[in-house]
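Structures are listed in the sections that come next.
There are two complexes below, and they share subunit A, which is joined by subunit B in the first and by subunit C in the second.
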Partner chain A sequence: MSTVASWKRPLAFAAALVAVAVYPLISPGSYPIGVGTVAGAMAAGTVGFVLLLGYAHQLAFGQAGFLMIGGYTSAILCVTYGWDPFLALVVGILLSMALAYVIARPILKLRGFVLAMVSLAIQLVLIVLALEAVSITGGALGTQGVPKFSIFGLPLGGDLVFYYFVWVVAFICVGIGLNIDRSRIGRALKAIAASETAAGSVGIDIVKHKVQMFVISAGMASVAGSLGVHYLRAMDPNVYGFAYSLNLLTAVIIGGLTSVWGGALGATAITAIRELLRSLSLPLWEAVIMGTLTVVVLLAFPGGLAGAIGALYDRLAGRERKGRSIAVEPDPSALPPLEGGPSPGEIMLEVEGVERAFGNLRAVNKVSFKVATGSITALIGPNGAGKTTLFNLIGGYQPLDDGTVRFLGEPIEKLLPSEIAERGIGRTFQNLHLFPNMTVLENVMCGRHRLNSAGILAISARLPRVAVEEEESRRAARAALAFVGLQGAEETYPTALSFGHQRLVEVARAMASSPTLLLMDEPASGLNDTETERLAELILRIAALGVTVLLVEHDMRLVMGLADQIVVMHHGEKIADDSADVVRAHPAVIAAYLGQEAVA
Partner chain B sequence: MTQSLFFELLLPGLTTGCVYALVALGFVLTANVANVVNFAQGEYVMLGGMLTAWLYAEGVPLWLAIPLATVVCAMIGAAQERLTLAPVRHTPQFIRVTITLGVAVVLRGIALIAFGKDPLSLPGFSGDGAFEIGGAVMPLQTLWVWGATAALLLVTFWFLKFTDIGRAVRACSINLQAARLMGVKAERLTLLVFAAAGGTGALAGIVVTPIVLSTWDAGISYGLKGFIGAILGSLRSPTIAVAGGLGIGVIESLSAGYISSGMKDAIVYGVLIVYLLVQGGVFVFGRATLIDGSREQ
Partner chain C sequence: MSALLELENVSSGYGRTPVLHDVTLEVARGEIVALIGANGAGKSTLLNTVMGMVALSGGDIRFDGRSIARAPTPVIVRGGLVQVPERRQLFGAMTVEENLRLGAYVRTDRAGVAASLEEQFAQFPILRERRRQASQTLSGGEQQMLAIARAMMSQPKMLLLDEPSLGLAPLMVARIMEQIVALRAAGGTVLIVEQNARAALDVADRGYVLENGRVTVSGKASSLLTDPAVQDAYLGGQGGSIRAIEERIRAKRKAILGR
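Then we have the complex of A and B:
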């Protein structure tokens, strides 16, 4: 990483600190400081939302519901029960996170818009409950007389101190967000957004990470709700209504969905716009302006303010790096040989009586074969033979109708792709599944996901061992890139590479996960002759490390030259399973490929 | 007595259910052809009602105000597609969906500024008389709502079943990619479907306005409840979506009458959440969960 780039993060933090520190000096007076406090609370509430929406692409349209929970918890516990405001805030966080978990755990299994609608529905239910449970919440009139914020009876002092306190909390949230951003979980979120199929193939537990972000965003939203209520000194159902949800959404969109800073920037921008409208006596226009801003920014400036500032910085710092030469000479010694595992010749993968039908079509019909440790096994057959379906059944992408798949003696036919990857089965895809939203190095680092253990708490606090683990991942990813011959491509984005090189990135990503078994789905498709030759050498180098390879392939020359064992499929059934020489002369194989007449 | 109470709850439920059904149908058609959930769907119901009521108040006769408002809403629907969705056909889906929410907010905001905060009303199309079924007395306008909904549904289903364009729409909903390869011009269909969804939404809003009035912020509730209907059919089946919409109307009305009118929304949304929890996988484990959402976004 260049020095200019490594300055970017501290510079951004310093600039934000200075802006927040100086603002009350420039515009003193209780009203402007109050406005700054409102912006700070909102900033804290948007950080998790950026991670959820901008990083993991999970829509939640009722985010203000969690501000309601925080706000009501603080108001009710402090006013009715005389609790300490800080403790009430903590209870609010726990309640919000618990509700988020209960809701998200089942809902986030579904893709698409369900979360958007459900989160909106939850907020509307909360509003109804707040209105109806008059004895607890005060109904439409709300709860009045919320005390000023204090920590264990220690008062914070005047409005100015509270302003700074709120922003300190906001910066803590931003710090947590930045720590997540540059961690294995941050990469996992971007991977999920780009391709759930590929994310699963490197062992990323998709539901788990989505749920984590929903829960974190709920916790941060709850903090914002509590702090806001201690500023307003009252809580009612309108404070964090549907309009507030929309303002949060507009804030993260204007601020920028691809940067943790986007939330804080957007919250400040939204608050400024609202104050401007108020001073112009145009409060009715708020909805129209917020809605228009949302649409226009999404259509024309998807990076938002943070994206624009980042691009400006890069331009000023002259960080336009392009077209650095890529070393095509691979380094076979870059990756260490595989350690442990079964000894060569033992059965590694056992497919037994596997069946899968789509309606009346038996795509895979009672197929059985074994893959020996250390071998290169090829699965071939004419188009429509059922090879890719069989591959998907082994990789966990489709359920089996019948049969078993055993890996190192353990059944894996019921496991999900991420669980299968977790056990040491790597995978590449016929149609490339790279993550276009990450650099080549980060793509390959995703392969390390299963080997690293840093959890969400350690990452949020950026414990020393997290940094060590990151450094180790980076080193291993560079080694995997050197192994396939892509040194120098680390900081480019995959879309800037040729198709052949993109394929190599996929192989590097799979190899970075130190697989015991590598599944390759038509690795030569789309490659020219030279590239195919290089691929064959690469596969041999992979096997030389002790990694067992199972590939689906069309290119007969490639297969005949490489494979120790060839399994031939036709019309969903296995018709041959032997060494290359035997299979080449097998009448049924010739018939399947060239037609019945060729045999006669 | 109890029987007449039941009818007094059931029949108005069917009436609002008609609106939800038409909104649900709009959701299904736009979701399948344009591959986007249009959060502005409910706003067209609101706009149709508000616009007609406003035109009527300005002295425009009803027979002119109704088609005028419908056409304007259809045009807004088409404009929404052309201006805010067509330019970003290839961006991630969550951005496209968020854009529709932004459009919904703009439409609400414009209605608030143009027509004000107070509810607007229209006279019944055939006077303010009433009729009786099973001991329940209903305003005559109810028949207009039922009749208009039945007519719109008939036309839509006939269109889907028996015209080339309708068959193309159905083809898109089965397999968008294959439909394109077969020469279906999905871009033009998308425009058409958005216009139609805007127009039918508006008509639904117009016929119920004499019964339930029309307010600037009613769109979100119509949209959400219509969406619940649509999602019962997995956003795929127009028939289930319509039945779902009607059912939601009835559940809402019955729970308002038998349980609490303040809680009716909480009950309907609660039903949705529970349904989604069950359907979404509380009892489904393993790879089966991958199948349902296997369409990569």
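Then we have the complex of A and C:
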């Protein structure tokens, strides 16, 4: 990585710190400092939202519901029960996160806009509760007389002190966000956003990470809610209503969804604009102007404010986007041989009586075969024979109707793709599934996901062992790239590579996960003869490491040349299962698949 | 034979990255022309440039005697030049018949569209059988047939086929190539872009080799098939018959795996 690029983060942090520190000095007075405080609280609340929306691609319309929880918890505990404000804030966080977890766990398994609608419904419920439970919340009038903020009796009473405190909290949130961003979980989130199929194939637990982000976003939103209430000194149902949810959404969109800084920038920007409009006595025009501005910002800077600033920095720093990489000879010694596992010849994968039907069509009909450890096995057959379906059944991408798939003696047919990957089954796809939102190196590092263990807490705090693990992942990913012959392409984005090289990135990503078994779906499709021969050599090198290979392929030269065992399917059934020479002469195979020409 | 499609010193690319340099190429009426080249050579960029989806930075493109260098894609399609995109790009959730009817989107003659539909069903009987089936449930070969038939629904003067053999079984590749020959027999003109250089050159009249965005070799398909340089780069070496490549892979297997 170039030094200029590595300066980007610290520079951004320093610039933001200076701006926040200097602001009250150049515009003193309780009103501007108050505006700054409100912006800071909102900024803290947006960081988690960016992770949820921009990274995990989960939309929530009722995010202000969690600010309500924080706000009411602080107001009620401090006013009615005389709690310490800091403790009340912590209780609010816990309540919000617990609620988020309870809602998210079941619904994030569903795709689509379920979360968006459910979060909206929950905010609605909270608003009604706040209005109706008059004895607790004060109803429409709300709870008045919230004390100034303090931590275990240590007062943060002054406006200026509170302003700085709020921004320190916001920076802590940004710091947590940045730590997540550059971790295995950050990559996992980007992977989920780009392709859930591919994310599953490297062992990323999709639901778990989406839930984590929803829970974090709820916690940070709750902090923002509590802090805001201590500034306003009162809480009522209108403080964090639907308008606030919409403001949060606007803030993260104009701020930029692909950067943790986006939320903070957006929060600051819209708070400033709103106050400006208020001071110009144009409150009625607020909605019109905010709406227009959102459209203008999005048209001018698709990456939002943060994206625009990042691009400007790259341009000033002269960091150019590299084009196509130069092909390098693969280095077969870059990856170590596979250790442990069963000895060659033992059964690694056993498919037994597997069935799958789509309506009346029996796509896979009672298919059984075994794959020996260390072998190269090819699955062939005419288009529509059921090969891809069978492959998807083995990989856990589709449920099977009947039969079992055993990997190392254990049934895996009920597992999710990520759980299957977790056990050491790597996979490449016919229609490439790379992550276009990450560099080639980060793509391959995603392959390491299953081998690393750093959890969300360790990552948020950036514990030393997280950095060690990251370094190890980076090293292993570079080795995998060297193995396939793509040194020099690390910092490129996959879309800048040719199709053939993109396929190699996928192989490298699968190999980075140190698989015991590698499933390859039509690896030679889209390659010319010369590239196909190079691919053959790569597959042989993979097998030489001790990795067992199962591939679906149409290129007969590749299959006949490589495979120890060939399984032929036709109309969903297995019609042959033998060595290349036997299969080649098999009359049924010739009739269904090869044609006379190939035999001649 | 007069040229139907002519590219004259065409240069183009994405943003500031040039891809094609001074490409000159022509396809005569009733001809099948193959464009072969490695991944990243610029084959798809060439098709996209012809179709007006990538802007020209130099040169001219003429179709049917008129310049289409600045024409937007819909105008080019209405003019009778239609692309069958790589990986089929069907409307997956729609039925076979709906896909075909969308192919005739630019036509307004209802009776004519119905007749064309019958023609395509006659040409590809399997599509008639599957007319009510969602196109994503078809096998790869059937999908490719549908993609070609959909393109034919607009009664084009010329087809641009991008990698029609991609992901197809050997028998199916042969069948698709037969269909392309049948198109020519019916008076059609085809430019076919292929990784599978052998399959394309087997059916083509002439061929062009694209390397790093430049045409390096061109000539009769039969002479390209025997050109040593072309064989080395695209046909798996000299004497690169099906068995020769397989034998070389087997030899490598012996060397690397010892079996």
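The criterion applied here is as follows: the second predicted complex is superposed on the first by the 577 of 600 C-alpha atoms of A that agree within 3 Å, B and C clash if a C-alpha of one lies under 4 Å from a C-alpha of the other, contacts with A are read in each partner's own complex, and residues count from 1 in each chain.
Assume contacts are C-beta pairs under 8 Å (C-beta built on N, C-alpha and C of every residue); 3 or more make two chains touch, one makes a residue touch a chain.
Note that the coordinates shown come from a computational prediction; the quantities given were computed from them, not determined experimentally.
Engineer: Put the two structures on top of each other at subunit A: do subunit B and subunit C fit, or clash?
Structural biologist: Superposition check on subunit A flags a clash between subunit B and subunit C.
Engineer: After lining up the shared chain so the two structures overlap, which partner does A:R557 touch, if you call subunit B first and subunit C second: first, second, both or neither?
Structural biologist: second
Engineer: Regarding the shared-chain residue A:G384, is it in contact with subunit B (first), subunit C (second), both, or neither?
Structural biologist: Touch status of A:G384: second partner only.
Engineer: Counting only touches as set out at the top, which of subunit B and subunit C does A:W285 meet: first, second, both, neither?
Structural biologist: first
Engineer: Just to be sure I read the superposition right, which of the two partners does A:M117 touch: subunit B = first, subunit C = second, or both, or neither?
Structural biologist: A:M117: touches subunit B, not subunit C.
Engineer: In the superposed model, does subunit B or subunit C contact more residues of subunit A?
Structural biologist: Of subunit B and subunit C, the partner in contact with more residues of subunit A is B.
Engineer: Thinking of the overlay built on chain A, is A:T530 touched by subunit B (first), by subunit C (second), by both, or by neither?
Structural biologist: second
Engineer: After the superposition on A, what does A:A133 contact: first (subunit B), second (subunit C), both or neither?
Structural biologist: neither
Engineer: Looking only at the overlay on chain A, choose which of 97-105, 151-159 or 241-249 in subunit C hits subunit B.
Structural biologist: Comparing the options 97-105, 151-159 or 241-249, the clashing one for subunit C against subunit B is 97-105.
Engineer: If you lay the two complexes on top of each other, which residues of subunit A touch subunit B in one and subunit C in the other?
Structural biologist: Subunit A residues touching both partners: none found.
Engineer: Contact residues on subunit C for subunit A in the complex?
Structural biologist: 17, 36, 38-40, 87, 137-142, 163, 166-172, 174, 195-198, 232-237, 240, 242-243, 245-250, 252-253, 256-257, 259
Engineer: Could you please specify the touching residues of subunit A with respect to subunit C in the complex?
Structural biologist: 323-324, 358, 361, 380-384, 430-431, 497-501, 522, 525-533, 536-537, 540-541, 543-544, 554, 556-558, 560-562, 564, 592-595, 597-598
Engineer: So in the complex, the part of subunit B that touches subunit A is made up of which residues?
Structural biologist: My answer: residues 37, 39, 84, 87-88, 91-95, 97-99, 101-110, 112-113, 220, 224, 227-228, 231, 260, 262-263, 265-266, 269-270, 272-273, 276-277, 280-282, 284, 286-293, 296-297.
Engineer: Hey, which residues of subunit A end up touching subunit B in the complex?
Structural biologist: Within the complex, subunit A touches subunit B at residues 53, 57-59, 61, 103, 106-107, 109-114, 116-118, 120-122, 124-125, 128-129, 131-132, 193, 195-197, 242, 246, 249-250, 253, 284-295, 298-299, 302, 396-399, 414-417.
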